[in-house]
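So that we are looking at the same thing, I have put the structure below in structure tokens.
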């Protein structure tokens, strides 16, 4: 079965001088939840931006490679076309329209089919009942968790086939994050939407993901299904925080060990 | 405008205020349309207004016998010009800081002013005479007078505002335009075609400004003061709130009243500076204007 | 207009003194010496026309540096610079005409008036930012121009105020060479003042305010005070430039200080490159020399006579186009172009900075 979304040898350069991502290979199959992990500056957001068509904003461009969605190349399409064709991004920052009400935020979205905005709204409110109470509230005055809910809800109003979620857990209390993650799984089950989540918090992401990619310094250094990733020594040590307990010498310093293990 | 200065009956003053408000309102809605969708203050609006009037001069010479056709052609041309300004120029500034875009409009205004003199020379023009449409004064009850083109302008303003209100409440387009102004990246992400919305806004804005320019030119001739009138209308937009059409109407009324009254009772030389004094006062008290959205809800 | 482009590779410094030194590399020192020598030798080899051009550039540089300080470094947008220049010019004109005050009184007075106006222009910045601040400075500019116009008509100087050449200690300051050196001195002094301000606490505060006001105030910087300081210093300098302009031209009239002049100064800092003193100088030179360049080009064209009387329109059109060109293609200005050239040579033979860790 051919993948829904395929990223092939992607290279992204900022300001024509700084390479942010190189040789990225990703595949996303329909119905999966795929996690992209990595620390700051690893290239996760850059990859998401490249997929959703946003590189131009930061004076970045794709200098090599391609991104294919449903068999067609999307790496040079404008963002609104990509959104309308089925890939919708829930951004990390500036995720709502701050001076519009919640209801207006939801009506602003333009989705795949013109059919029945009312039905879509009802399905969305069914997933996020709390938002129904906040219909008239100005979005800029919502709390962090409510804003994140609104951001996901307005993305759903576009009837996406793939939902890209950028750093969901940022700035939110763990219990809120747990709740939102459960909603994401619900979204996959009930609405059949494929989900790609980008997360710094590996524990949170691997909790719901089927498959994962680990990025470092702009490259994919490891990928595999959840079981394999969670069992991998490096992931356990550097991303999940389980140390082996014995005294460490300078040779066990992160960079040194990783480079020995992965680059030989 | 063709209003006699010496005539100081209250009714004539009221007529003057209504006419000046209509002028400012018609020009101000152009500022509002563009600001609402893109957070850009189009400081070239005055020059675009003047370009519209020159387009009428151009079509007047091509369609000399047919004033209605000339006017219609000029109107269509001005819509095209507005869209072209976006597609060829302002599109490149989408995504940059709003201030950079504003400076681009300033530069555009300067460019247009130079081009207009080069193409049409700096002489005053009278498209009304070219088209054979004399400017008659209508006598109103109470001894006041209003010129026919000034009356047309008031009517045009009302019609255009009515049309714009209807359009913005049709479907969700009013919301989408505001959304595009608040968070363009997110708007694009939610399927809103930013370039199309911006081009539409620029086209409509130039259209309304050009109509104002044409009517002013038909009434009292095409002179350099038209750009100044255009510049004086932007305090009207700001006082009302840069992203609110209702605000533009109210702001125009306030500025026009202040201007007419201070010319009449204080000092005629004040006419060019009164709108900016009102603007400063509003910026001190309530920067986002009477009906504007209060911006920058800063949550770090 | 956005953040400074990152340098492709760095110059490395090993101590704080090195970091804040005005002249950092030997190359800079040598080129500075050569440049100063050229500047001093210039008046003795150039014709009167080019001498005047150079003097105009120095005059523009003072105004440009002051605006760069305010907008390029402190981030406070101002579209009303011509109003401040006018204030300085009118102060000099009024004082010398009405009170026969000598130049060493009018210049400080002009600067003082400029400083006072700076507070007025700066007050809106405490509540407004970005576009709204720009609009408020624009409105204030119109008010200042109106006041100048009122003075002219009410006092009967409807065509403007003439000013006699100033006299210091019996020496009459008149003539191309004299003014060249006077303005060169003032321009150099302004450059030094700005450079020193920028590497001091004020400069750091301004950069912080420009980058992110909220964070700056969270770091303990008195944002309001520093904003006003930026306006005051910038306005005083601009008023001084205006007063010098009045003496240089011997004539003050409100028409010379139109909105177009404000835009020209803004163009100077954009074309030069925001956030760089060198940019201010480059921009001042570019914008000042531009009309003469256009005129020279026009005279080479076949039907030059036809355009002679609309030269100002050609100027406008060309200026508009150049400004648009820079805003679209090189928003970092001439300084940005310089940086690009530097990056190219520093990175060569690579085209872009390679990713950390090597292999592809």
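By written order: A, B and C. Residues from 1 in each chain.
Everything that follows uses one rule, which is that a residue touches a chain if its C-beta (ideal position, glycine included) is under 8 Å from a C-beta of that chain, and two chains touch if they have at least 3 such contacts.
Small disclaimer: the values here were computed from a predicted structure and weren't measured.
Chemist: When you check each chain against chain B and chain C, which touch both of them?
Modeler: A
Chemist: Go through A-B and A-C and name the pair with more C-beta contacts between its chains.
Modeler: Looking at A-B and A-C side by side, A-B shows more C-beta contacts.
Chemist: How far is the middle of chain B from the middle of chain C, if each middle is the mean of its Cα atoms, in Å?
Modeler: For chain B versus chain C, the centre distance works out to 33 Å.
Chemist: How many angstrom between the C-alpha centroids of chain B and chain A?
Modeler: Comparing mean C-alpha positions, chain B is 44 Å from chain A.
Chemist: Rounded to the nearest whole Å, what is the centre-to-centre distance of chain A and chain C, using the mean of the C-alpha atoms as each centre?
Modeler: The computed centroid separation for chain A versus chain C comes out at 46 Å.
Chemist: Show me the residue ranges of chain A that touch chain C in the complex, using the header's touch definition.
Modeler: 13, 15-19, 22-23, 217-219, 259, 263
Chemist: Could you list, by residue number, the parts of chain C that touch chain A in their complex?
Modeler: Chain C residues touching chain A: 5-6, 8, 343, 347, 351-357, 359-360.
Chemist: Which chain B residues qualify as touching chain C in the complex?
Modeler: Counting only chain B, the residues touching chain C are 39, 41, 89, 92-93, 96-100, 102-104, 106-115, 117-118, 121-122, 234-235, 238, 269-270, 272-273, 276-277, 279-280, 283-284, 287, 296, 298, 300.
Chemist: Quick one: in the complex, what on chain B touches chain A?
Modeler: 95, 172, 175-176, 178-179, 182-183, 185-195, 293-295, 297, 299
Chemist: Under the stated contact criterion, what part of chain A meets chain B in this complex?
Modeler: Touch list, chain A to chain B: 52-54, 56-57, 78-80, 83-84, 88-89, 91, 94-100, 104-105, 107-111, 138, 140-141, 154-155, 157-158.
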